[in-house]
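My questions all concern the structure below.
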Amino acid sequence: MDKVYNTVEAAVEDVFDGAVIAFGGFFSAGRPAGLTKALAKRNVKDLTIVLQQVGPGNEEILDLVTNGQIRKAICNYPFPRSASKGADHPFEQAVKKGEIALEVFPMGTFVEKLRCAGAGLPAFYTPTGVGTVVAEGKEVRVFNGREALLELALTVDFTFVHAWKGDREGNLIYHDTAQNYNTAMAMAGAITIAEVEFLHAVGDLNGNGIHTPGIFVKRVVETGRPDLEIADI
Amino acid sequence: MDKVYNTVEAAVEDVFDGAVIAFGGFFSAGRPAGLTKALAKRNVKDLTIVLQQVGPGNEEILDLVTNGQIRKAICNYPFPRSASKGADHPFEQAVKKGEIALEVFPMGTFVEKLRCAGAGLPAFYTPTGVGTVVAEGKEVRVFNGREALLELALTVDFTFVHAWKGDREGNLIYHDTAQNYNTAMAMAGAITIAEVEFLHAVGDLNGNGIHTPGIFVKRVVETGRPDLEIADI
Amino acid sequence: MSATKKIIVPEIPPIEREMIALRIANMLEDGSYVNLGIGIPTLVSNWIEGRDINLQSEIGMLKCGPLAEDEEIEQDRINASCEFVMELPGSSYFDIGTSFAMIRGGHIDVAVLGALQVSASGDLAGWNNPARGMGAVGNIGGSMDLAVGAKKVIVAMDHVTVDGKAKILTECTYSLTAKACVDVIVTNYALIEVTPEGLVLKEAIDGVTAEDVQNMTAAPLIIADDFKEMEF
Amino acid sequence: MSATKKIIVPEIPPIEREMIALRIANMLEDGSYVNLGIGIPTLVSNWIEGRDINLQSEIGMLKCGPLAEDEEIEQDRINASCEFVMELPGSSYFDIGTSFAMIRGGHIDVAVLGALQVSASGDLAGWNNPARGMGAVGNIGGSMDLAVGAKKVIVAMDHVTVDGKAKILTECTYSLTAKACVDVIVTNYALIEVTPEGLVLKEAIDGVTAEDVQNMTAAPLIIADDFKEMEF
């Protein structure tokens, strides 16, 4: 099945108000900037965004924030590293004012919640977060003498990923550390949309080195290799 | 760190009585036959073996059975496909007589138990097995209106895997469907031992296409490409 | 309507296993991802060559190709039935953890499974024949995950056992694969849908009446308004 | 011994951050897999070039190399501190799910982490400075997983805050990263081990006495029998 869309705009056309959207990427590596920019041009709101952090180093997400499109964010490292940059940052200030709800999970828990959603596992136990604020309101249970928290799968309506190479059926290969969250998020999305730097014919990619098999991907759009803009974090 | 052992015998030398050992592989693809044969030559007993099935198509495991080295097996498809072959099969008959304890999990649960052990997650919930004999004695819990079973991580003392290419630091690439259980089992083993068809210098393998990063592998031994012997299943 | 109900098999010969597979192949949609179990389900693959149907094999392969022979055989390229298979353009390989993420995670559109018994509420019993005498253990394999995980489950089986006993029952008597998981049953005599109201007889093979089908089925059948002859 | 205990900082100047990193580098064993957190821990990488120490970065890279500059920069090759890094022979890449499998699963021998506070029982508080005013949310990142998952946790930090408050306390007052996870604390004045008996002062920098260290530590210290000058 050919899954290619010609434009990022067409690929995100059916994202609806209130949708939960996961965004892959980590700083300069593997961010679906093209799809995200297309989303910021659309009049959809009350979105829940699922991603590591909201800039710096993720400038295109800021447009969604300043447009007032975000109701909630689920992150693991939400803010600028330095407190002084946070004081100037629209997302951090929107959270502080209560305009955007924020939920934070430890990084390993965050990614596992997405993988579990994609893998049909409703919940898991992890030792991470026991005895911390992360454990508040969560079940604690002892396995082999060690406490662990119950964490739930995090299902998402749409996932945006950025891959290096992709074929027309959605098989994806990421480049080095650009794999990051993209793999787990691609599994989690009810509709996963991939922007790829290089679009290949079916059969061109080595089937033994695919990071995301096409079954997890509904749409593919070629956006080229992004320019490197080094953000000051 | 160079992890290369010169012989399969040296690589399995410290397997101890009562050890829990996971064996990768599926029929003709990715079975650690060299390591397994070396184990059958050693006088270790009371072993718990963790693998898909015990022959046919896994003849070297049969030696462990007929040697009386096995106390327990944890499988997902333990027996020959046809009942008539099972009637002649030493493993099936040993289970029938109660000489070997057998625990069976659904295939997806089986592999996830191993991955969780390797990933430091003590337990997970899965909808698979609800309302069946698999659920007996297990906690059932409802998530989003759907029942799921609590399943525990399965830790193993040793894992034997078979890879296509490996480097001296334990980075592994499997060949096509030979990846199968090897990936999850390599994560689960306290000591994971890899036999590889082709041993490479460090730096020769493409780091973007590694299936099992070297951190999961303690020992590597080159055994060459096995001859294809098509078992009658 | 118990498992011991007397079964009357019609004099019309049943269709061959290959025809069960063909009927199912005709139900599959283009672009779908499909997993085929061992037995009759495997035969579905003979009818989809050239169609845009992606076979998933739980060993860890997508776009699983036709059976390989002779010099085409590659020992590391097999399906979950331990058969040597061919690659197709776009085939991909992955580990069994990822494979069952696909299966449980609802990414498989259709699973075609064999069965020993199916109940009126769509319970499936397919992995443990008590005749083998192994008690509560047996070859579960991927069947339980497929039964609960696939968006649609189609059972492909003979309508009655070789010794003339019903396989479609009010309640299964064999150990279950999963409860309330079956959507459609295609046998060598009929096509039956599992609905909240019960089993609905949609099709029977040429020359076989709805009454004939009921006579070899130990669960009550609702005859569909559009009940018709099975076509291929 | 409360968090408000009056802290007296000795007149001897503390060692530089690079020297804290060097002391830690000397504790790492050849062949080990090590994760370095943001801040002082990152500096450990400057002292291990040529040694057989494998750096893991939680973004999904093993054998993470030195920082890349100018034309060496590849936008898709970064560490978890968002710095551009070099490949080494044997470097590998993987997704963050696998990365945290390594971390939680006990495959990382040592995690070197920064900290705001450490308690007498090895509790670590490192992710949430109340001064930022964000309440219960903040940049947790990979710190909680590393603190519970690594076989050994070494904290690298200044001994007291910039405004002269104790960071080593009977109980942490800031939001915890993990309980009872720290094995060793290396500061710009001392090396302290966390033991079941309490904090054991093992080393102090040249010119600083055990009493000096206790005077800037808000938890009781046990002076090791082999207490000695920190060497590099």
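As written, the chain order gives the labels A, B, C and D, with residue 1 at the start of each chain.
Throughout what follows, a contact is a pair of C-beta atoms (placed from the backbone, for glycine too) under 8 Å apart; a residue touches a chain by one contact, two chains touch by 3 or more.
Keep in mind that this is a model prediction, so the values were computed, not measured.
> Over the chains that touch one another, what is the least number of steps taking subunit A to subunit B?
Minimum step count, subunit A to subunit B: 1.
> Which chain is most remote from subunit B in terms of Cα centres?
Here the answer is chain D, farthest from subunit B.
> Quick check: more C-beta contact pairs at A-D or at B-D?
Counting C-beta pairs in contact, A-D comes out ahead.
> For subunit A versus subunit D, what separation do you get between their C-alpha means, in angstrom?
Averaging C-alpha atoms per chain gives centres 29 Å apart.
> How many angstrom between the C-alpha centroids of subunit D and subunit C?
One centre to the other, that is 57 Å.
> Could you give the separation in Å between the centres of subunit A and subunit C, each centre being the mean of its C-alpha atoms?
37
> Hey, what residues on subunit B touch two or more of the other chains?
Within subunit B, residues 112, 115, 119-121, 126-127, 174-176, 207-208 contact more than one other chain.
> Where in subunit C do residues touch at least two different other chains?
In subunit C, residues 93-94, 100, 103-104, 149 touch at least two other chains, as defined above.
> Which pairs of chains touch one another in this structure?
Applying the touch rule to all chain pairs gives A-B, A-C, A-D, B-C, B-D.
> Subunit A touches which residues of subunit C in the complex?
By the definition above, subunit C touches subunit A via 30-31, 33, 52, 54, 56, 62, 87-94, 98, 100-108, 149.
> Okay, in this complex, where on subunit D does subunit A touch?
It is residues 38, 57-61, 73-80, 82, 84, 93-97, 100, 103-104, 123, 128-129, 131-134, 136-145, 148-149, 175-179 of subunit D that touch subunit A.
> Show me the residue ranges of subunit B that touch subunit C in the complex, using the header's touch definition.
26-30, 53, 57, 76-79, 81, 83, 86, 92, 95-96, 102-109, 111-112, 115, 126-134, 136, 164, 174-184, 211, 226, 228, 233
> Can you name the residues of subunit B that touch subunit A in the complex?
Counting only subunit B, the residues touching subunit A are 112, 116, 119-127, 141, 143-144, 146, 148, 152-153, 173-176, 206-209.
> In the complex formed with subunit C, which residues of subunit A make contact?
Where subunit A meets subunit C, its residues are 1, 115, 117-121, 167, 169, 171, 187, 202-203, 207-208, 210, 213-216.
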